[in-house]
Structures are given as C-alpha cells and as structure tokens.
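Some structures to go through are shown next.
Two complexes follow with chain A in common, the first pairing it with chain B and the second with chain C.
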Partner chain A sequence: MPALIAIAPESRLVGHHRPWPRAVANAAGWIAVTETLADRQRTLLGLWGEADAVHMAVFDEADGTVGVISLEGLEGNYPSVARRHPPALRLERALRDLTGLEPQGLPDSRPWLDHGRWTLRFPLGEKAIRPAEAVPYKFLPAEGESLHRIPVGPVHAGIIEPGHFRFTANGETVVRLEERLGYVHKGIEGLMTGADLGRALQLAGRTSGDSTVAYAYAFSRAAEAALGLDIPPRAVWLRALMAELERLANHLGDIGAICNDAAFSLMLAHCGALRERVLRAADAAFGHRLMRDRIVPGGVVADLDEAGAAGLRTLLAEIRRKFPALVDLYDNTASLQDRMVGTGILVPDLARLYGAGGYVGRASGRAFDVRRALPYPPYDVLRFDVPILDQGDVNARIWIRIREVEQGLSLIEQILDQLPPGPTRHDVADNGEVREGMAVVEGFRGDILVWLRLAGNRVDRCHLRDPSWFQWPLLEAAIEGNIVADFPLCNKSFNCSYSGHDL
Partner chain B sequence: MVLIRDLLVQVVQMALVVALAPLLTGFVRKAKARLLRRRGASVIQPYRDLSRLLRKEAVVAENVSWLFRMAPYLIFAATWVAAAVIPTFATGLIFSWTVDLIAIIGLLGSARFFLALAGMDVGTSFGGIGSSREMLIATLAEPAMLLIIFAVALIAGSTQLSTIAAFMTSPQVGLRVSLAVALIAIIMVAIAENARIPIDNPATHLELTMVHEAMVLEYSGRHLAMIELAAMLKLLLYLSMIVCIFVPWNIKGPEAGYPAYLVGFASYVVKLAVGGAMLALFETATAKMRVFRVPQFLGAALMLGLLATLLRFVSRSL
Partner chain C sequence: MRRLLFESLIRPPLTEAAPRQSDAAIEELATAVDRSARRRLGRSLSIRAVDAGSCNGCELEMHALSNVFYDIERFGIRFVASPRHADVLMVTGPVTRNMAEALERTYNATPGPKWVVALGSCARDGGCFADSYAVIGGVSRVVPVDLHIPGCPPPPTEILKGLLALLDQADKGARAS
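And now, the complex of A and B:
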C-alpha cells in the first residue's frame, strides 16, 4: 500500500479494512492510479460502487500486493477508469446501472445490466421509480460490403444460460461479435444489503451454481478478515478439499463438453461419468453433491469422516486409472485436434491487459493463480504446479484443464494425508462495529473477489466479482476472424458464467 | 394376374420403406447410445416422436409464404417416390422401370431445393445460414454422385437399378477396382447427403453449427413430422441404394416367387442393421469437421468418382 499512497499522496488509509489496505483518495489520486492501470504497472481486480462512493481494487504483479482505492462523498459522478483502461468498461456501465453514479468521460453511454425491465432504477444508489419505456439497445456498427448480422439468443436451443450474441459476419467469417448480458440479474448485491451473515452466505453461494464452493469460500474469508476471526486448522484444510473437488468436477465436465461441441460425444460420455463420480463422492463425504452451503464464516459445517475420506481415495484411484486414456483419446483423434488447434486464439497481450484469470489467462501465457500469487492457507504449504501455455487457442485451454485435473488429484491426496484433527467451526462474535474485509479465492474459472462491509453481524455492502467479468470481453476478441460455426467451441472453452456476471 | 402381383409387390415396397425408415434411425441412435455406454431411447422412439408431432399444433410464422407450408409435403413426396423404386427385397418393381438412378438423384435434388427455399422463406438468420451451407454441400455432392453413377452404369451397362442389381450378382462382374473406389465415394456422399457426422451433427443443439437442422428450425407439428420422416427415408434410401448396387444378394426378380421375397426381406433387414451399426461406429469415432473442410471431403468423393469412371476407360477389366 505504501506504493498506492505514493501514487495518490493526498489519500488516507481506512483503519478497519483487512487484510489489504484501503485508501480514500481525491480525484487526482484516483486518476493517478487509473494511469498506472493504463501503463500496465497494475492489474484491475475489481471496480464497484455505493450510493456516494466508488472503490477500485488493483493488483501489483511485480511485488504481489493488493490495494483498494476509494473515492467517497461523490455527488453523482466520478472520473471514469475505462476512459483510460478498457477492461473497466463493463464494470463502469454496470456500476452506473446499479448506483446511478456517472463515470465522467466514459465513451459508452449504453446501460449494461439494466435492460429497462427493472421496476426501479439504481437499486444500490438513490432508488428511483423507473420511467415507463425502455430504450432500444444500440449494437456497435460494423460496416462493409456483404456483411450480415446474426442475432443469437438470449434463449438458446440447449439447456444453457441466457445471453445474447450479435454476430456480424462476412459469409462464414466473423467480423465482429458483441455480447449482451444481464438477462439473469438477480439483484444479489441488493439482497445482501441488510442481510445477516447466514443469509448473505446463502446468497453468495448462489451467485454462480457451478462455483458455489468458491463463492462461499471467498465470502467466508472476506467476512473472517473483516471480523479478525481465526478458524480451526481442520476447517482450513476441509475448505481447500471442497474447493479442489469442485475444480476437479468442473474441469472434467468442461473437457467433455468442449469435445461434444465438436460432435465428439465419446469424450462427453466418459468425462461425464467421471464428473458424476466426483459429485457422488462429494455427496458421500459432505452431504451435498455440489457442497453448497458447507463453508460458512467461522469454519465448515460438514466434517469428513473415515468413510468419506476412503470414498475420496477410491475416487482418486479411479480417475488416475481412467483419465490418462481419455487424454490419449483426445490427443490422438485427428478429427478432433483439427477442430481445436488454432481455433479462437486469445493473444497473450490482451489476456495480460484484462487480467484474465483461470484457464483463459493461463492458456494465453498469464501466469496468475491466486493460490500461488496471493496464497491463502493451506495452499501456502501444499505442493502444486501452475500450468502455463502461450498458444491461447481452444486446445491450450483444454490442456490447462487437463493439467489442472492432474494437479487437483495430487492436491486432494496431499490434503487427505495432512488433514489435522480437531473442531471444524468457531462461533462468530457480534461486536457491533463497522468492519471491512476482502478476499480473493481461486475458483475453477479464475479469481473470485469478495469485498464486504459489516455493521456488526449484518452486511452493509457486499460486492462479488466473478472472473467472467474479465473473460467475456476477451471472447469477443478471440472469435474475430474465426468462422461462425466455431463459436460454440470457443464459447465453451471459455465457459464464462452468465449468472456470476449478471449477479 | 401378373400385373396384380407386381402392383402388390410395389405397394408392399412403398409401405415397407416408410415403415422401416424410423426403425433404422432409431436403431442407429440406439447403437450410438450403446457405444457411448448409455442406455439410449428405445428403437421405436422415432415412431413415438412422429406420432406426437402429427398430433401437435403446427405453429407457422406469420411472414411466411405458401411455400413454407407446402415444402414439407413436397419434400416428403419426392423422397418417398425415390425410396419406393429402389429394389430392397425384390427387383423389377413395376414403377422402377420409369425411374432410373439419375431420376432418383433428381428427385432428391428437388426435395433439397424446396427445403433450402423453405429455410430462406421464413427469413431468420439461421434458416439462411442452413440453406447456404446446404447448397455448398449440394453443389459438391451432386456431381460426385453423378460420377459414381456413370462409373457403375458403364460397368453394368445401365442406369436402371434392377438391371444393375442383376448384373452385380452375375458372374461376369468379377473383381473391379473401379467399383471399390465407387463404393468409398458413394459412402462419403451418403454421409454428406444425410447430414451425418463429420459433415453435420443430427443430434446437436448448437444453432450456429447446424446445416440440415438450421433449415428446419422454424418447423413444428405435422410439418416437422413430414420433414423428419423424409430425412429418415433419405437415410434408408441411401443405405438401400448402396446395398442394392454393391451387395445385391438375395434380391430376386418376380420370377423367383413369394418364398424368395421372404428371404430377400430377411436379408435386407440384416444388411440395414449392419449398415446402421457401421454408421453408428463411424460417427462415434470421429469429430465434426470445420465447414470449410467439407469441400475437401466432397472433393475427394468427386475425384474418387472420376477415378472410378476413368479406370473403366483405361482397362476393361478394372
């Protein structure tokens, strides 16, 4: 943080913000930090607002520090970050929709999450009754001879989440793709305000169903940071165990699903069966297939017994036995490789600029994994590799997942071997003070950020930032120049969350 | 009396192809499911689907012309006529003398023509994409098919399927390289024509990758039933055609009598099952190719067809 203070000298530190410092700056300090983002000295981790304040979390890759910078006492506007740093664009459009704060100088005046169908405007700011009519959404133009537009969604033919994709194509070649999201906005941050910790945790765990463990993990860590709460050692390890099981299940499912989008259903069938084994073992061990609501502030509510641990070891043995054959099948099927290699290339420069997390960033040369870059226990003592590739194509994103499955197997084994005995949960005391906490946790998609302010045991403001915020825009870049029929393949290899993004 | 018998055989043939087509599709789906170690739907599921569709209301877009409503019936009729004249269990069908191989390709071509028009008529982008891709495939598949027919006709001395089948079972056919080449080519064309993997995926839900399914996205109810049944008939037709040209054993003419018909029917069912199982196996083992690879795939079929024809001119014994 001294670094951030040096950039924004007029700022003052907020005492009750943990574990990383938060500084309240003036406009000049805010702009100075924005410039360091534009100069690529720092990476944007998150940007969120309140009725009269905006906060920005930044990460310094050089010295591995995180800091939050805030502008408070705003009167309806603040200097735009996206004006200088494009990755903040959608965050600022969403911020405006939610709080009514106007980012000064933002080049895009269109709404993002608010489609004009909410009953009220600015739910997190000065609430206003919505004017009756919704303005038609203007998609960005693409001009040229023989271009045609293909609107896809928001309702799709398969059982997937809703999102609209507007393609401009020249024959089969995609000239421009523009996404429109926000169809599954649930108002989670609005519901969080005033909720007690138990209810807020449930809300956090429902932000994106496939990452429910990671969200509960991040929320609990943020709440514990705010309250200065220690958790029992056994809970620390059990949390990591659940997080790794979730990652394993999702990666296995993704590998099969991507191949299925190239009409190679054999991989889906086998990977689907393995994923199901993981879910059943998780059910046997923790009492819920997706391990939802098992991690809570203060610890975990499900303990692992002997039978559960034995079930997990059997699972590891089964995956170790079957998975290599599937990797060979993937690698040796020429028709499949022909579809995957060289498709949907994301250039490393963009991945770095957007701070893309997870397999999207790591397949494009960005060596960032929260478990390594901002380690939290027990990952500081666990041994694992962070696989990195630079090709940035669909094939690379699959290989990152394959490598992470292998790492995950080893991590689960280490955790089972070293799991300490003892209690699994501490009580959360209510001291009535205003505290702020923040946590970044590696979900299977990438880094999930949770920031919250607690007033006693009630949530005053909680912000959840899904990794997809920085991955969705990159999908638009990756598809350019590919053919329309390859979009499902690229999309599935990114596998961004609609629900986590729309919040 | 002879006329009545011939008419009867022809009527049985027409009923047979319609009755067997959903079963073949159901069998291929079942075989694929078993290969993926899934249980799969029953082989009679396509019949249930069709009867469900026939009972359902047909929702038609407001902006479509008469063509959209007529196309399903035209497509079905053209495909049915084509399928009805291919010797399956008996040669010398009474109608088959009026329709030779080239006319069958013509019938299928007109069915495709109406389907592509209907895909564009509704005015959605997916219909347009599907029609344009279908036409890309057709422009390459049809010449390849014609070349294959020329190769076979040059050897058998006729484009008439009954005559070809009779010639192929006679001793004078011998071992011919050009026939083997033609067989490979016709299998490739059949895969493309029937929208199977690797050209198209009949089971996909991804709108952007569809070819055949994209054209029929807007159809529902009885219209969709007609189109689905036509697609099933087309699969049966191509399989029957390959069987009739290349393995026409036990397909006897009218002189052989009724018991021969029964033997012919039984062996036809066995051949279909073998063909369907091979299709399922092939589809499971391969991924779908990029749209722009399709011309290469069909170009290879075209070249093989050409090779088969040329070999015939180079040497009478090839």
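And now, the complex of A and C:
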C-alpha cells in the first residue's frame, strides 16, 4: 500500500496484519483516503468499528491492491466517510449502532440495525443501557400530488427473509422505495468476540445460509492469513469445488425463481429440479446438502471419494443435457422477455460508485470478480471467463447467471480433473500471539469480506461484510419509475441477503 | 416450449414416494391436535412461513419442498401468502428481538384452530445464537409451539415427515369423531 501511505503520510503500518497491509492514520490521513473514494480513485470494500477504533478497507482497481486504513484511540467520534461517499452511509449507521462511535458529519442520524429492542446499546463498544421506549423510525418524505404509500413487511407473502419496504407510488409507478432492514440482526459479531476458532467458524457459516460455503471459506482464509498457516493442496481444490457447487445451486434456483415471479412457473419447475440434483450430489459427495461446516481453518473436514466424484460427473452431464433447452425457452418466450427486458435498470455509474459485486455489478458493466481481481488458489490456475453486460436490467442479471452456470460447469470439471491427492487438513497451532488477517472470497452473490484479529486461538474481533451492503441501496435506485408489480422481479434479480446484511 | 412439455408427458415423473412419518413428531403431536380442529381441517394444511431470524438455510429447504421431487401439494399441503389463510405457522430461526413483535402479530392474525411448527435447530432453543443480546431464543419463548423439526437445516424429507405426521393426526381425529 505505498500509494495509501503516500496519501496518509503520518500513518504507520501494523506488523501483524496479513495478507494486505493495514495502516493506522491520523484524522487528516483518514479524510485524504475518504477523498480518494469520493473522486473514484478507489472503491470501498468495507468499514467497521471497535470500541475506540474504526477501519476502512479500500480497493484500487487500477493496480489491483487492497489496503486497510484505521483510526485508533478514538474518543467517541471520527470523521464520517459517508459525508463524502454515500455508499458508506448504512455501514456508518450500523457502526454507530454497534459501537457508539459518532461519525462526524454523517448525513443521516437515524439508527439502522438497532430498532431499540436489544437488551443493551452499543454491544461492540462501551455498552450502555437501552432507553425505555423505542423511538419511532421516520421514513424519508416524498412530496407531490396523488402520492400514496405502501408498507410491505417485515413478514412477506413468500418464503423469504424479513425486511420492510416502504413504497411511495403515483398510481402504479414507484416514486420512492425506502428499505428498512435489521430485523434478523442476531449479534453475530458480538457472539464472535472471545469465541474459539471452532465456534467462530460455526457462526460465520450461519451468517447467510445460501452462502454457507463462501462464508466458511472466507473466514478460514482470513484465519489462515492471520496465523500464517498453509493448507494441503487437496483442501485448496476441494474448497473451490464446494464453492462452485454452491454458486451453481444458487444460480439455478435464482433463474427459476425470477421467472416464477413473472408467473412463468415452467422455468421454476425445471430449474428447481436441476438445483435439487446439485444439492443431492453435494450431499452424496460431502455429507450435507448445503455443505455446511465442511470448510474449516486448516483445510476441509470432508474428503471426496470416488463415488462422490462420479456423482458430480453425472450431475455435470445431466445439467449440460438439460440446461441449454431452458436457456432457449427463456430467450424465446416473448411474454417473459416482455417482463424482463428494460425492467429495473441499474445504471453502470451507480454500480461502479457503490462497488457492487456479483451479478448485480457485472450486469451493470462492473468487471469485478474476486476470483479474477484478487485471485486466490486454485483460481489462479483455472480457466474461466467473467461474463460482463452493461444493460443493467433484470434480463442482464439473469444472463450473467446463465453464463456463470456454464462457467461453473467447466470449473467443476477442471477441478475434478486436476484434484491432487493427499491429506485434507493441517492442524491449527496456537502461538498465543495477537495477529490480524483478512480475506475476500467470491460467493455466488458477490465479494464477501472477512477481517479478524486473533489473540491466540480466540477471536478478539471479527467483521463479516456481505456483498449485499453495496447492493441493497442500489435496488432502491433500480426500482424507481418501475411499476409496483415489477418489484418482486427486481428484488429477486438482486436477491440480496437479509441475514448476511443484518448479521 | 412444446418439446419440453411433451417430454414431461412421456418421461416418468421425478416425484418420489412419500417418506414414513417421523415417530418423534407423532408423539409430540398426539397431544397437540384437538378433535374439533381435526374435523374442520380434513386432509389439507395451509402453511404460512415466518422467518423470525433464521440464516435463510431453513427457507431454502422449505422452498425445496415445492420442487418436483417432493411436490408437497400432492399431500394437500400448501404455502399461503397470508396468516389469515393459514392453519400452520412454520417459524424458522432463533427469534430475534427485532422480529419478536412481528412474529407475535402474525400469530395473532392467524385464525384458530392453528398450530405452530418450529423449524430447525435455532427455532428450538436459539441454536448457536442463543446467548446474544439481540436474540430472545427458541420460538416457544414467544408463541406456543406444537411441533419441533430439528436440523441445520432439516432436509426436505425430514420436514415432510413432520408435516405428514401433523396431517395424519388431524385426519385420524376427523374420522374418529
């Protein structure tokens, strides 16, 4: 991070932070880095706090470097990032709820995750007693003639997670959507503090159920980075295999579910059958349909036997045989295309500003995939394309998924072909030191960041940043000017995580 | 599309035979299903899913129940959009403090006779989130629970077993009375 150091010259590097550097800066240095976000030289990767410190991870797309900049020894406040860079807004509102640190100049004084119902305030900071009465939440105003409001949630009509959507509509057209989240806040980062690696991994794998592999993957890589631990080659490849199976299952499920939201249930039936086959093959190969708790610091706990591998090859053949007809069906059904094309457009400029990852970013022209931008093994030797489109509509987000299903099939085959033999797990040694590690992993939804500080084998502080943090706000922008009836389509095509976001 | 539909006609269905009911569930339910309720229900169940704080894993397996392999609607069981139409609330997750009121309200909006199924290990006792400042605990801390289906998440077959036991109890009662 020489460039970051140059921007914040008074800063000092932290010795025990891996693999990317972390620098402790003064307020001027912090503000200077904030300015590089505001003028788009860098992208915000994450922003989190402790009782008296804040940390900001930034990514330089030009030279592909990552750095963390921190303010330590704070006395109750620090200069807000969102004041200059809106994508940080919800992160800072959450940071304030959790630590009690006040982001100076933050344009929104409302709480975010704290609904006034926890047993205490500031769980990650100087804990305080919560006020007796919850303060009512004020939604943003929308003014004009003939506007009406539609409140939706937190309990929704389908089998989905809870969140509240406040629509302001003029007739059928959405004028403003405001999200209110935090309903499934479980206090995962609070539970992490003081936990041993085993329990922390269990919590990480339950941050967002559909990305349980990706979270365990990211957590394990962060812990291994902190401890300087190598894992056996076979484990490296098995991890990628599980991650690709998870991506495949989720994309297949999403393609069907989005079409179903346009009342085209034939796609859901066929894609649902393929998704079920992936889960069954995963169960046969790794002993759990979602492959939960299979990746651990030091390696993996489930080895692939010959029957499991044969099952996966049968799966690949089955999907290759059936999927092209479904893609044709999607592409040639005029009534379906009529709903998808041009609906819920996210303009590329916003996707870039927010650093939106996953299919949301890649359908709006942002060519970012962690497996390519910050490659980790075995992706450095695997061949794959990162599909990019720039229309930014529901249709584009489906096509990114379709292309990624195709890439996923090829990746799984390459992994099966090249899977090295040998042990699958190394022991994690306890050296009793304080060490920090960080990892970014590409989940099916986008880039998952995990940062942690270990004291020996116990977690001192762990932060998990879901890709949804930079996608949820963009859904508010994408829906504007669409009709209320198209919201399910837009929402499902984003498929942001509630649990991963609320933590 | 015509070819796909035609193939569906000539190929054998993917749908699998119903699983055996879960013995543990039958035992738990024996006391839960009262006679008048059985008569009104007959052999169908409308389920309203409520996520009270889950990681979303249980929801994925609940979705799977509707795919062609499990085809839950053949048993007369279906998921409905409103608690007003529901016989069963299927609740997942440790109940978070931020969701407790919504869960309670959903329960109150469901007309009797009604049952609550707590799905997944977290719904039983809060699971690995039990000690958090933001979590109340298992579903029974907020609303009365008639049936627990454990697992993290429980596979579709396990959910189906529990629900079939619920239906069967209801059905038996209807004939007996």
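As a working rule, the second predicted complex is superposed on the first by the 503 of 503 C-alpha atoms of A that agree within 3 Å, B and C clash if a C-alpha of one lies under 4 Å from a C-alpha of the other, contacts with A are read in each partner's own complex, and residues count from 1 in each chain.
Basically, contacts are C-beta pairs under 8 Å (C-beta built on N, C-alpha and C of every residue); 3 or more make two chains touch, one makes a residue touch a chain.
What you see is a predicted model, and the numbers here were worked out from it, not measured in a lab.
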| item | value |
| --- | --- |
| Larger contact residue set on chain A - chain B or chain C | C |
| Partner chain in contact with A:Val484 - chain B first, chain C second, else both or neither | first |
| Contacts of A:Gly287 with chain B and chain C, given as first, second, both or neither | neither |
| First (chain B), second (chain C), both or neither touched by A:Ser265 | first |
| Partner chain in contact with A:Glu172 - chain B first, chain C second, else both or neither | first |
| Touching partner for A:Gly456 - first (chain B), second (chain C), both, neither | neither |
| Touched partner set for A:Pro19, first chain B, second chain C, both or neither | neither |
| Touching partner for A:Pro151 - first (chain B), second (chain C), both, neither | first |
| Partner chain in contact with A:Thr333 - chain B first, chain C second, else both or neither | both |
| On chain A, positions contacted by chain B and by chain C | 157-158, 266, 269, 273, 333 |
| Residue ranges of chain B touching chain A (in the complex, touch as defined) | 32, 35-38, 125-126, 128-129, 197-198, 201, 203-209, 284-293 |
| Chain C partner contacts - residues on chain A that touch it in the complex | 115, 117-120, 123, 154-155, 157-162, 182-188, 190-191, 199, 202-203, 206-210, 212, 253, 266, 269-270, 272-273, 275-276, 279, 283, 289-290, 292, 325-326, 329, 332-333, 497-499 |
| Complex interface listing, chain C residues touching chain A | 1, 3-5, 14, 49-64, 66-69, 79, 81-83, 93-94, 96-102, 106, 127-129, 131-135, 152-153, 155 |
| Touching residues (chain side chain A, partner chain B) in the complex | 148-152, 156-158, 172, 259, 261-266, 268-269, 273, 333, 335-336, 338-339, 483-488 |
